[in-house]
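Shared between the two complexes below is chain A, which has chain B as its partner in the first and chain C in the second.
Here is the complex of A and B:
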């Protein structure tokens, strides 16, 4: 007899997963949500209800607005660059040529490094006086770039390090997508006289779109949580030019122990990430329905 | 069959008992990294040799994460730490929240400490019982290259405007040498770099009534003076912390440092590392409209209030601040002592020729505002100072905004 015909069995089978979900996801979320309406420096102990005061303070505070802008800007720039670089790598490595496997390994290498190692490598490369990048620029007669201490460049520099580390992830997804396109389509198009650009535009792009969407969405969600690279490379500076929402929440919660304000900021983050996640789920369900 | 099982059970019980008994004589120490970490590591090693049965675990953390670890441990009542190393500026918050044990009640710590460091280890300041023992007697000094100033016929600066003039002169005449350096990274470093200038101009962060006081002409003049040093500093000074300033001074790449902690000076006269042996002088910071305002930066050791091994923790602290170990720390790691008598010790004065000036600065040192919210106030000011430094905001706007946010933080 199928389990669907026995609801009690379904309940029993689902219970452990549901219990874990409630305990590890719903309970902390509910707690954060409730604390966002309180003035508290340590959970509910001694907490005082303040209504929407924390949200009002967040919106009035320049630090939060700047952190939100930095996060959105970083997520957009890093995601677009990572998907484009990943697509370029996938198109390149989808062709047969000598040392292709070796090159694939090299391309994937940054992705397996820990983020702190990546941050340490790039921090050294970005060093104004002795960094590899500025040495290379000076070798060709150009001036060094203040990669990490110019407020107009610092976030882009971190995005560059992020692209180096995470473009291989997009490459993996898009490469899998390319391999799933039947070669007969390209052969037929070639016979019909379609050039390389036309084949790319009319076959590759439409059939790769779901993969592009998945790669972009997963990278957006991950970029949105950016914390470790900023923490290790700039600490949020110069000024507040690289402070992200995650860093802002961390500072409020663990440096200032302003748990109410930190919870309100976290709720704002959850709302944005939840919206992106829902979009992903809807797209996934639609593609499954097709 | 029963006998072997019974024997096994007894053996297991004995083993568990032995492990538990041993585990009780243990010590978890949360301390700083860098030069402070080296000093603490040496002390742990020496204490372990003297007490081989004690299980010691030492956590080595940078300043920010150390604060977070101690504060979280105390708030969660985790009973995970025994000895904690703390910046003097964390003391008001830690003491007000009863996170530190009363050392006098535990048995006391002997020794005559330098007055300013002794005062901040008590609650209320200066008069109350001791909640921490000063381990490192740091005070912000001013450093200058005596050889370069003499070469160009310049006198040591007596004011911050003279600092800028001398820095400009040397920068023009000495290729490859920047006029002056400071720690520009946001948060605690830039704030501690700015405070001696603020004090010299008579500015305050918090006034005597406990209100934010940065929106003042004195503070604005101090900030403008601080920003005037930026073009005279090496490029990238906005990202400089202690390591960069110390190395630049050791390698002869800067003529002066607006802030130089004695803890960084241990290797200045070490020919294997330094290119400026005997050429760097450490003195009290310059004044301006007021006299010099050297800033106290003592690091202390306390016993966590919920420590399960408080007696052992106190014994370790007494060991570290004993005269022989304070002297050993100074000689081996360059960290300045907190026992007043050691500043006249002939061995130490021979090795650290600036000790008489340092003791004078230490005796006159100004402690940062003793408020429980200092951590937040410092973060706010540090952010706005750096925004002004990198040109994201104008000085007046930076101070006004910092003042507003600090006032709000004080009211929370």
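Here is the complex of A and C:
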């Protein structure tokens, strides 16, 4: 239909989507970039240009560096754990048996829940005195774990809740990947005498790689934004042990009303996320070109 | 891989155990919503209630939670309607018009840019945008900012579906003199039906669950959505778990009811290539 190339019609059709995109994404991105070079004394009003001052202050601040480290640590741990658990689930359910679809739906359930509901459940589970997990540990004679009170454990506890919620997403992608592998390959390998491990290593892993890649990309980008769970489970504490970059930007902007500094931190986040996204995209295009 | 081969006994048992593990937090929440407080604020690890009570649900019935559920519903329906209304014409244009090949790459870059932009980064300028438009602390404002993620997602989903609608029907209608609007309404949308519903359901679930923008841009408690309300209740009393679980169950039931649908929609998406 390709005869339909009437430019004005095209514009009319694209206009609503384009307007939303410009108003809600492009304009705010440009604005946050400009604000990152400005300082103001009263919140949003009266900004004046201060050059790179905000960035300098940011990089010297311990709390920003701590938030950056926490975010990177969380993104790495959660992504790896979620892809591995998702892979385990996909391999486990990749055989025919009764109730397989029912079990699939049960496993998928956490993924569709509101993150705040997930946080509410796990915060209760992690309660030191009367939480379900510590009750269960003590019932078998073990000590309770300070899940959310110990600065060395708290972020891992949040990651545990995140794995419960998001590993099912990786599972769905990887399960679709497994189904895309032609069964004849396994048949042929079996006839040639390849054992289960050889078949996994030489057929499943290489053919699943693009799917593993996409699952890891999606989870990395998502866990990099982590806000809701931390806000609802620890508020960033103890101390700033679970403060993420999103929490940090939020605190700077909406608690301290330091819009310039918050914008600089936001731009830093975009740069890191953009680099991650670009690195993944390049890898993906490369693996597809092969 | 060996998807259709029968599973061995060990595998079946492991699958049931793992599924039980995944179900456990939800079972706990449901059970807790039916327990009197003395049972869940205790050292007992017992999952099931010894004594059933509906007190937490009765307390909800008297509270303003219902108003807030209506807020959530309004935001969900508004977000979904606006996302589909803006994305469908755009998807049609991108699928049907001749574009330079570069555009596909550009579109992918656009989807990726939206996907990787953390919502908190946009929050400061958006606060000003909403204030300028007079939409701060309104459900309409939340419907608008939800489009940041809802509209591109809908566009990306619908693009695939529109490409699957055979062009021959439209060509025939065009010969009979049907204009573009008529062809979209009478031919494309009916054929697109299932895809439109699948897209709408996924957008609706995300809108129902959305927290950050609701938390930042809705200030008066009467305007809260369910997630923002749950978040405030979490911090009020550390062990108000019966109440909290009851709200959580109510907020989760509508989306859990759609889970079979979600499973099919997502599986189809992932199976059809990974773009």
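In this section, the second predicted complex is superposed on the first by the 253 of 290 C-alpha atoms of A that agree within 3 Å, B and C clash if a C-alpha of one lies under 4 Å from a C-alpha of the other, contacts with A are read in each partner's own complex, and residues count from 1 in each chain.
Note that a contact is a pair of C-beta atoms (placed from the backbone, for glycine too) under 8 Å apart; a residue touches a chain by one contact, two chains touch by 3 or more.
Because the structure is predicted, anything quoted here is derived from the model rather than measured.
Legend: residue contacts after superposition of the two complexes on their common chain; A:107 is shown touching chain C, with no touch to chain B. Residue contacts after overlaying the shared chain place A:194 against neither chain B nor chain C. Using the contact criterion defined above for the overlaid structures, shared-chain residue A:254 touches chain B and also reaches chain C.
With both structures placed on the common chain, the touch criterion links A:156 to neither chain B nor chain C. Using the contact criterion defined above for the overlaid structures, shared-chain residue A:63 touches chain B, although it does not reach chain C. Applying the stated contact rule after C-alpha superposition, one finds that A:183 touches chain C and leaves chain B untouched.
Comparing chain C and chain B on the residues of chain A they touch gives the larger count to C.
Residue overlap on chain A between its contacts with chain B in one complex and with chain C in the other: 235, 254.
Chain A makes touch with chain B in their complex at residues 39, 41-42, 57, 61-63, 128-129, 144, 146, 148-151, 234-241, 251, 254-258. Only residues 64, 67-68, 71-72, 75, 185-187, 234-236, 238-239, 375-376, 379, 383, 386-387, 389-393, 401, 405, 408-409, 412 of chain B touch chain A when the two sit together in their complex.
Contacts from chain A toward chain C in the complex involve residues 1-2, 4-5, 9-10, 12-14, 16-18, 20-21, 23-25, 27-29, 31-32, 35, 44, 89, 92-100, 103-110, 112-117, 119-125, 127, 130, 132, 135-136, 138-139, 164, 168, 172-173, 175-181, 183, 186, 203-204, 210-211, 214, 218, 221, 224-225, 227-228, 231-232, 235, 245-246, 249-250, 253-254, 259, 262-263, 266-267, 269-270, 273-274, 276-277, 281. Within the complex formed with chain A, the residues of chain C that make contact are 1-8, 11-12, 14-16, 18-19, 22-23, 25-26, 28-29, 32, 40-45, 85-87, 89-90, 92-94, 96-98, 108, 110, 112-129, 144-145, 147-148, 151-152, 155, 167, 170-171, 174, 180, 205, 208-209, 211-212, 215-216, 226-228, 230-231, 234-235, 238-239, 241, 244-245, 248, 251-252, 255-256, 258-260, 262-263, 266-267, 270-271, 274.
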